[in-house]
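Take a look at the following structure, please.
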Amino acid sequence: MPEFDNAFQAALNLILGLDPTLVGILALSLQVSLAAVAVGAVIGLPLGAALALWRFPGRGAVVVVLNALMGLPPVVAGLAVYLLLSRAGPLGQFGLLFTPGAMVVAQVLLILPIIAALTRQQVEELHAEYREQLQSLGLSRLRRIPTLLWDARFGLMTVILAGFGRASAEVGAVMIVGGNIEGVTRVMTTAIVLETSKGNLPLALGLGLVLLALVTLINGAAYLVGETARRRLG
Amino acid sequence: MPKAGLILAALALMGLSLPATAQGIGHITLASTTSTENSGLFGAIIPAFTEATGIEVRVVAVGTGQAFEIARRGDVDSLLVHDTEGEARFVAEGHGSERADVMYNDFVLVGPAGDPAGIAEADDVNEAFARIGAAEAPFTSRGDDSGTHRAEQRLWKAAGIAPASPWYRELGSGMGATLNTAAAMDAYVFTDRATWVAFRNRQDLTLLFEGDEALFNQYGSVRIAPERHPHLKHDLAAQWHEWLLSEAGQQAIADFRVNGEQLFFPNSQPNAADAP
Amino acid sequence: MTQMAHQLPELAIPALRFEGASVVHRGQTLLQPLTLSLDGCRRTLVMGPNGAGKSLLMRLAHGLLLPSAGQVYWEGKPPRQAMVFQRPVLLKRSALDNLTYALAVSGTPWRARKPLAREALARFGLSPLERRPARVLSGGEQQRLALARAWLLNPKVLFLDEPTAALDPASMRAVEAAVVDFHARGTRILMTTHDLNQAKRLADDVVLLHEGRLIEHSDAERFFTTPASPTTRAFIDGDLIW
């Protein structure tokens, strides 16, 4: 497999050369995915917790839909957001299409179900354990949400990393709503697609390795922080 | 955690707004085709335009069909595609206000070096297609309703062949992906020259047939109708359109080379920019 | 929290009434219709073999569970309450933070929380452990932390559901001492146990349940010396199947 040797060579050259274009693309990838994860967490964590705590008619259906949306194809999310943000669409006047902002919106749509669904699961388990004690303390459901989210924080860190993984790995959504514009909306995954279509397979794979290294780095950092905190707080 | 998330979101969004505030007068968004973008043409000519006018051009490279669609919806300021018929229809339907020839490149037939169908000896492109059909040699087609795909279908028709599986394989992919597949399957493939020259994963593929005038691929620049989409940057888009047709733009196109080879041949009509 | 505040507090504790309260779960009657009145600032021990319905009675009394039929209510304004479970439910935080959390929930101003929490830790002999994660404490330490949390809530009524069932003798004594302290501070005690000796040590009155039915409710002395029911006799003699 000479492609793989060449890919490692390409990856090494890209990293060692600190190619400014590559740095820009990497930085944008990170910004977009981190912003999407942050927005997804701010909405998804309380949403998932609320789903875990409240019983209402149709709750089962909501849970099933949320679980199913975890498998939403990125292209479909991209297409939906494109139609929303297009000039002819309902949110067209904001001029978000083909900007990093649009990419964030599309990725939020992708990872919100993951964060909300997995949060619901974790909070529900923890609440089964805490319920009587919290009820004894006289806590309303609403006031239980921050308590449960905080006490589930180590598990939720993994949930958020899963969201980040999906955001940083997907290409279908950002390609459609971002347009893969050089220097504006080109991120790692769309650059990989571009190089592949040019037949530049070693470079494409090299970019893939760089992306993988970056994601590994972030996961490693999160793991370390989590482990340290876990050991300290139990 | 929600609080930390909020702060993170705010920081990230602040960072995101940075690249949006670019230098100069502003930017336009141009819809074009993947094959044009992949050739590297824009990387060569846009800097010259930006230097002359201060206008940044952001290229969204998609399939021809998608390019027309996003232009129809008012999501881009200008169009540069290679589907003369489609462009004419776009203008006739009132979506475009003006269309002009900019340049052409050509299509070529590529296949395995062994050339099992013997198309290298064909007298014209019709015979080349007929030979592939007669030999039922593997042929990969983009099958994506792109400009290239439409041109290929016209040529099959002209050769009197109705291509069919199993030897004819429609992929529904872009040009690059189709070339990658052809290389892996030792199949013939119809491609634009620009993508082919820049293509790096040739393996056993080689250029077998070229030069017939029927293979010329005309590019046109289309301006979007202001009355349909008043919000677009029509003034800036007009400058881009006129620059492409101007002597400076035409020269920049002629000067673009890949591996020493000229890929695009400027052919704007004199005074086209002044036409209504 | 001066001692004065706790003078004659029993006058302030309303009676808890069960009127035909029953618990049915999936067609099975776990607690037969129960009528019972608990009043005064006493230490009531609820006894009975496993499955007698002791925990159900506690949960009904504390409002963690609603009766399937009948009523459970306080005769007057429901008093401030706290509950200590057999397996203490502690948050995934430090010992100190578990206490400040309970204070925050009960509306204690931010500045007062840490001093109060440290006071409670000291009272229950947990001061050296204040920064330790609550979940890694030993069973006895966890139960004392749960008692410290209840202490801070300054309840009028304290429910304890088998609080010493899983503890070693030393920890058990600490819990019993705490129960005495709570009562001395004016807290009404409602506690389940299956330990006769513990009941003898602590009880003012005893409620005996058997197979989801109320067998007897009498003062401790009478319960242990001249029980009204033959079932009670059998229970005291250790002849009831557990």
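First chain written, first letter: the chains are A, B and C, and each begins at residue 1.
Keep in mind that, in the parts below, contacts are C-beta pairs under 8 Å (C-beta built on N, C-alpha and C of every residue); 3 or more make two chains touch, one makes a residue touch a chain.
Since the model is a prediction, treat every value here as computed from it, not as a measurement.
In terms of the stated touch criterion, subunit A and subunit C have no partners in common.
Centroid distances built from C-alpha atoms place B farthest away from subunit C.
Relative to the centroid of every protein C-alpha atom shown, the closest chain centre, again from C-alpha atoms, is found for A.
One simple way to say how far apart two chains are is to compare their mean CA positions; for subunit A and subunit C this gives 47 Å.
The mean-CA centres of subunit A and subunit B are about 32 angstrom from one another, to the nearest whole unit.
Note on chain placement: the centre of subunit B and the centre of subunit C lie 78 Å apart, centres being C-alpha means. Interface residues of subunit A facing subunit C in the complex, by the touch rule stated above, are 129-130, 132-133, 135-139, 143, 147, 151, 232-234. Listing the residues of subunit A that touch subunit B in their complex gives 28, 31-32, 34-35, 37-39, 41-42, 45-46, 86-89, 92-93, 97-101, 104, 146, 149-150, 153, 156, 179-184, 194, 196-201. If you check the complex, the residues on subunit C that touch subunit A are 59, 62-64, 81-83, 85, 89, 91-94, 101-102, 105-106, 132-136, 153.
Those residues of subunit B lying in contact with subunit A across their complex are 1-2, 5-6, 8-9, 12-13, 15-16, 19-20, 29, 34, 37-38, 43, 58-62, 70, 73-75, 174-177, 179-180, 183, 195, 198-202, 229, 231.
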